[in-house]
Amino acid sequence: MDLNAKTLPPMPLTMEGSWVLHQMIRFDWAAWRGVPTDVAETMVANFAAMFDKMGSDKSALFSLVGHKGDFMAVHFRLRLDDLNDAEVAVTKSALGDFMEVVHSYVSVVELGLYESSVKLYQAMLERGVEPHSEDWNKEIADTLERQRAAMSTRLFPDIPPARYICFYPMDRRRGEHKNWYMLPIQERQRQMHEHGMVGRRYAGEVRQIITGSTGFDNWEWGVTLFAEEPLVFKKLIYEMRFDEVSAMYAEFGEFFTGIRRQTSELAALLAIAE
Amino acid sequence: MDLNAKTLPPMPLTMEGSWVLHQMIRFDWAAWRGVPTDVAETMVANFAAMFDKMGSDKSALFSLVGHKGDFMAVHFRLRLDDLNDAEVAVTKSALGDFMEVVHSYVSVVELGLYESSVKLYQAMLERGVEPHSEDWNKEIADTLERQRAAMSTRLFPDIPPARYICFYPMDRRRGEHKNWYMLPIQERQRQMHEHGMVGRRYAGEVRQIITGSTGFDNWEWGVTLFAEEPLVFKKLIYEMRFDEVSAMYAEFGEFFTGIRRQTSELAALLAIAE
Amino acid sequence: MDLNAKTLPPMPLTMEGSWVLHQMIRFDWAAWRGVPTDVAETMVANFAAMFDKMGSDKSALFSLVGHKGDFMAVHFRLRLDDLNDAEVAVTKSALGDFMEVVHSYVSVVELGLYESSVKLYQAMLERGVEPHSEDWNKEIADTLERQRAAMSTRLFPDIPPARYICFYPMDRRRGEHKNWYMLPIQERQRQMHEHGMVGRRYAGEVRQIITGSTGFDNWEWGVTLFAEEPLVFKKLIYEMRFDEVSAMYAEFGEFFTGIRRQTSELAALLAIAE
Amino acid sequence: MDLNAKTLPPMPLTMEGSWVLHQMIRFDWAAWRGVPTDVAETMVANFAAMFDKMGSDKSALFSLVGHKGDFMAVHFRLRLDDLNDAEVAVTKSALGDFMEVVHSYVSVVELGLYESSVKLYQAMLERGVEPHSEDWNKEIADTLERQRAAMSTRLFPDIPPARYICFYPMDRRRGEHKNWYMLPIQERQRQMHEHGMVGRRYAGEVRQIITGSTGFDNWEWGVTLFAEEPLVFKKLIYEMRFDEVSAMYAEFGEFFTGIRRQTSELAALLAIAE
Amino acid sequence: MDLNAKTLPPMPLTMEGSWVLHQMIRFDWAAWRGVPTDVAETMVANFAAMFDKMGSDKSALFSLVGHKGDFMAVHFRLRLDDLNDAEVAVTKSALGDFMEVVHSYVSVVELGLYESSVKLYQAMLERGVEPHSEDWNKEIADTLERQRAAMSTRLFPDIPPARYICFYPMDRRRGEHKNWYMLPIQERQRQMHEHGMVGRRYAGEVRQIITGSTGFDNWEWGVTLFAEEPLVFKKLIYEMRFDEVSAMYAEFGEFFTGIRRQTSELAALLAIAE
């Protein structure tokens, strides 16, 4: 029995965890200046209280550097509906009247299982299990269930407490000549593996959370990096750009750079000196 | 008589049904906060009554997740004029003064008949019917009329009551080297058939409504998916992305993700806690 | 004497007629609600009177479907200056204060003469007339003058009274590999001829007005279609998309779909029920 | 001594003259309506006086046709700082409060010297002058000085008094396969020469001013055409589009079409009939 | 031992210095006109004092020519957090209420070390040091530390006091056929070296500061040029565009052109004559 590359199903298995919303927020400083101090203080206190109630491991606030926004709020939630609740809470708050959400990103934590997909597909094909048959699907479901249990902390992570954040969305190229989705799964697995090797060298310095957004937002994936030192974002992304999978098959959206803020800092951040 | 691929007319037959309008709506929460409670309640009640009168199977309301809008209204109608009536009703309502329609999509339910087109074209050519002759046109009209009757519920569907919605527009690529519209109809039919096979595996979980918009809006097709569980949107679209017809010939616009809201929920959705 | 394809001048002759302005207009309903009824009625009446004075065959009003605008005004005029007068009349009107022209298109009715250009160029070359010589230019001027007289109703058409309108701008592709402007004129003439054959099949259902905008606006041509049934726009454009000239060499801008409105309907269209 | 194409320095010599600013201006008619007549008249008179003082040969006003702006102001100046002074004068004027500069273009009159560059480079190479040596640079400086004197009226032109203006920015293509900047200078010179031959046929009807903007604005060149009859813009640009240098190597930005206005017409242009 | 091109790690070493923020600012002249003179004077004085306190070598103000902004503020800082402090200081100032930051760019001074990277990598490979091993990393760290000390004034430069500024962001092309990131490091080093040779000819006239922004903003690099004569920006960038590395592998964003302003000029710049 000849099992060449082409006979493996092309889609790698994935596991999904927390739903994630990035909100880029512009603050209306001119209008804010007109708010009486005591009213402003109450608005800030209420907003901070609301945010604290969400939990700093599930909703975090960052100052964005540059004109793309004054703040970025990041929310990790169990259900898509919870993301909508979080954005509505921001929107409906009194402080929210001074906030314009100028950009956002909807995605879900995704662990791509290229390695185990290729192994499992090959093993099943060798045993003569027909793709997409009941047996095939059951074996996949069992595998995913086992892995989901083992990786639950990676699937449902807390927001890392690191001071700096970097966010960008990306696609895999579907060019007329270079087309990621036309490559055999084994070739994609090889390239992703090499890519992961580079990432591993930065493991101590950068925490990377990959989220999938195919069907939810305009790009296929979101990449959110956390670090205690912002230069490492550049080092990591620049080094990865030479990987074949990035050099040839990556297309990037906008990049957002933020600095972690605690809700206890909010009053000072929004205070306008006379 | 040699009937090679090239001799078949290139355009597949299609049948059209309901006209469809997607409206992405941003709500002006800051202005809304200033409206006296009783006035606001009347506005909401009137809007809900207007929407109810349209019928929940013909006009539905969703919360959009992310900054692309607070709400998405979807309208299915018998005539293009009715779509305009629906949008004007939203626009002219008192609540509409707080709604900015920031995006929209105009299309019409389309059933593509690749399989039967190829069969019919081949059969007619074998019988010597000349393309676009009176006989040719009559036979096509008869076929379409029969199919239209048989498929009327698919052509004029109710809006599925599912909780989650996913909408995106798309084109078929017309690249310098890879050009969908230059492929013989039989090759396109083969690729669409394989594509449909993948879709069929999700039939129980996702309801898919394809609408055509060539000539009406900026893309060639709209895809609207309905499901009770939003992750399945990602699974379906990701798996399909490996189909040749998507990997090579699909170009996508923006993706919109929404959660179904009943008009009875509207008052609570728009209520701003003091 | 060898007259191969390359020796013919590449530019086909064209004849120009009426100047055309498409105005896509967003209406400020929220501000409009605040206008006292009697003031509003006067504004509408004055606007309608101004539009009527322009003549319904020269300036027409449509409701746009979707968020690209509430209305589209289309003006056909003898001179470019007259187009500016028409837009200034709208802008300066009292009702114009509630209208934002969010998009527009400037072009001029164009009849492309591929067929007669090729014939004339070949004939003159055979007779040894040198391209761009005085004789050459005179013969072209004479030909154009004759044709202009014969085609004056097509060059200076009334706005067709049909209920539905479809407008989109387009370019001919100048790709690195597929480049319309590098093809010999005979090859372009052949492709345009085939294209015209498809259009001819829709002659009874769709009135098509081609306008040229090279040098006046962002695309090379505008296409304005008029019909009594909007589905035919999709049928025509979809069928044409398989023509080589469209499949390979057409690039399209935004599509606008409108429904004809009479000035007598304006009061009702703008009336806001209490 | 073998002097093949590749040995010539690739950059053609250029001479620069007047700095040029195009300002596309949207006028706030709704706000303007609220200004008392006498105040409005003073604002207009002051603006006209300011403009007159600049000199109609150095600053000119046009009505733009279409939504890209109500007016276009064009300024020719000796220094970049003078352009900034001109825009600040518009901005700070009382009438300027009703003007939003929605687009602009910064460039400098440029005469490209392909022909003499190739000749000069070849001559110097034949004489063994090393590129970019002191001798090389001196000889170039001398040549440019001589030409600058001879061409001073083309370098520092008055704004032509013609009634119609056409403006668009452009780039030379740097595609993966067709790349203007990778062609030998002799080949570029040949193509530019042919291009110039077409332009010459329109010399009596169109005045063309080429400005360079590499490093100053988003495109590499600006093209400003002046004529007494607007159709000739289309004829010229359409015919040129078939030149190899345009068909293959030109990329165009937005096109702006305007009608010359005198400051004495301004009061009438801005008058709003009751 | 065969050390061909492919065995060298692809990423060149870089050294980073000051963090840099470019802020493009639109000024609301209409609102400003309404501010009482004494209040305006205080606002301007406070803003100037705040800017002066930042230090003219670390924060500088320019008038932008054209509609992309009235002003550009450029900030050089030791830490990313300091950039955010600088932008917040502008935002929170009273004058800031009349300033809209319509564009910005976040980057960090970067010295690319192609030449020494290739040498060092080759030397280490010849000595059998394994890439990314502890020894490898230490040797690199030592090299960088030495160079950082030697080049500290280039890494942490003052803002040059020159009168004119030119800013633009850029990427290296990752095309389907021409892909900078797929070239061997030696080939990239060769092209960068030739590029540098051109730049060197302008050393006396233009001060160039390259900043890296991979991971921080939408492009990979920012280029900021300073000169006492603005025409030289065009000459330099135009000549460089013929370098292989620019002709084939450069993609450019928007270009911004500015004129240096002292804080002492601010009162006059913002004064509106009656």
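For reference, chains read A, B, C, D and E in written order, and residue numbers begin at 1 within each chain.
Definition applied: a contact is a pair of C-beta atoms (placed from the backbone, for glycine too) under 8 Å apart; a residue touches a chain by one contact, two chains touch by 3 or more.
Keep in mind it's a predicted model, so treat the numbers as computed, not measured.
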| item | value |
| --- | --- |
| Steps needed, at minimum, to go from chain D to chain E via contacts | 1 |
| Labels of chains that are neighbours to chain A and to chain D | E |
| Type of chain C:chain D copy interface by residue overlap (half), same or different | different |
| Rotation in the CA alignment of chain A with chain E, degrees, nearest 5 | 70 |
| Inter-chain centre distance, chain C versus chain E - centres from mean C-alpha coordinates, in Å | 46 |
| CA centroid of chain A to CA centroid of chain B, Å | 28 |
| Residues of chain A whose C-beta touches two or more other chains | 176-177 |
| Arrangement of touching chains [line / ring / star / complete / other] | ring |
| Of chain D, residues touching chain C in the complex | 29-30, 33, 63, 65-68, 70, 164, 166, 168, 173, 175-178, 201, 225, 230-231, 233-234, 236-239, 241-242, 244, 246-248, 250, 254-255, 257, 259, 269, 272-273 |
| Chain D-touching residues of chain C, taken from the complex the two chains share | 10-11, 14, 16, 21, 23-24, 80-81, 83-84, 87-88, 91-92, 94, 96-98, 101-106, 108, 132, 174, 176-177, 179, 181-182, 212-218 |
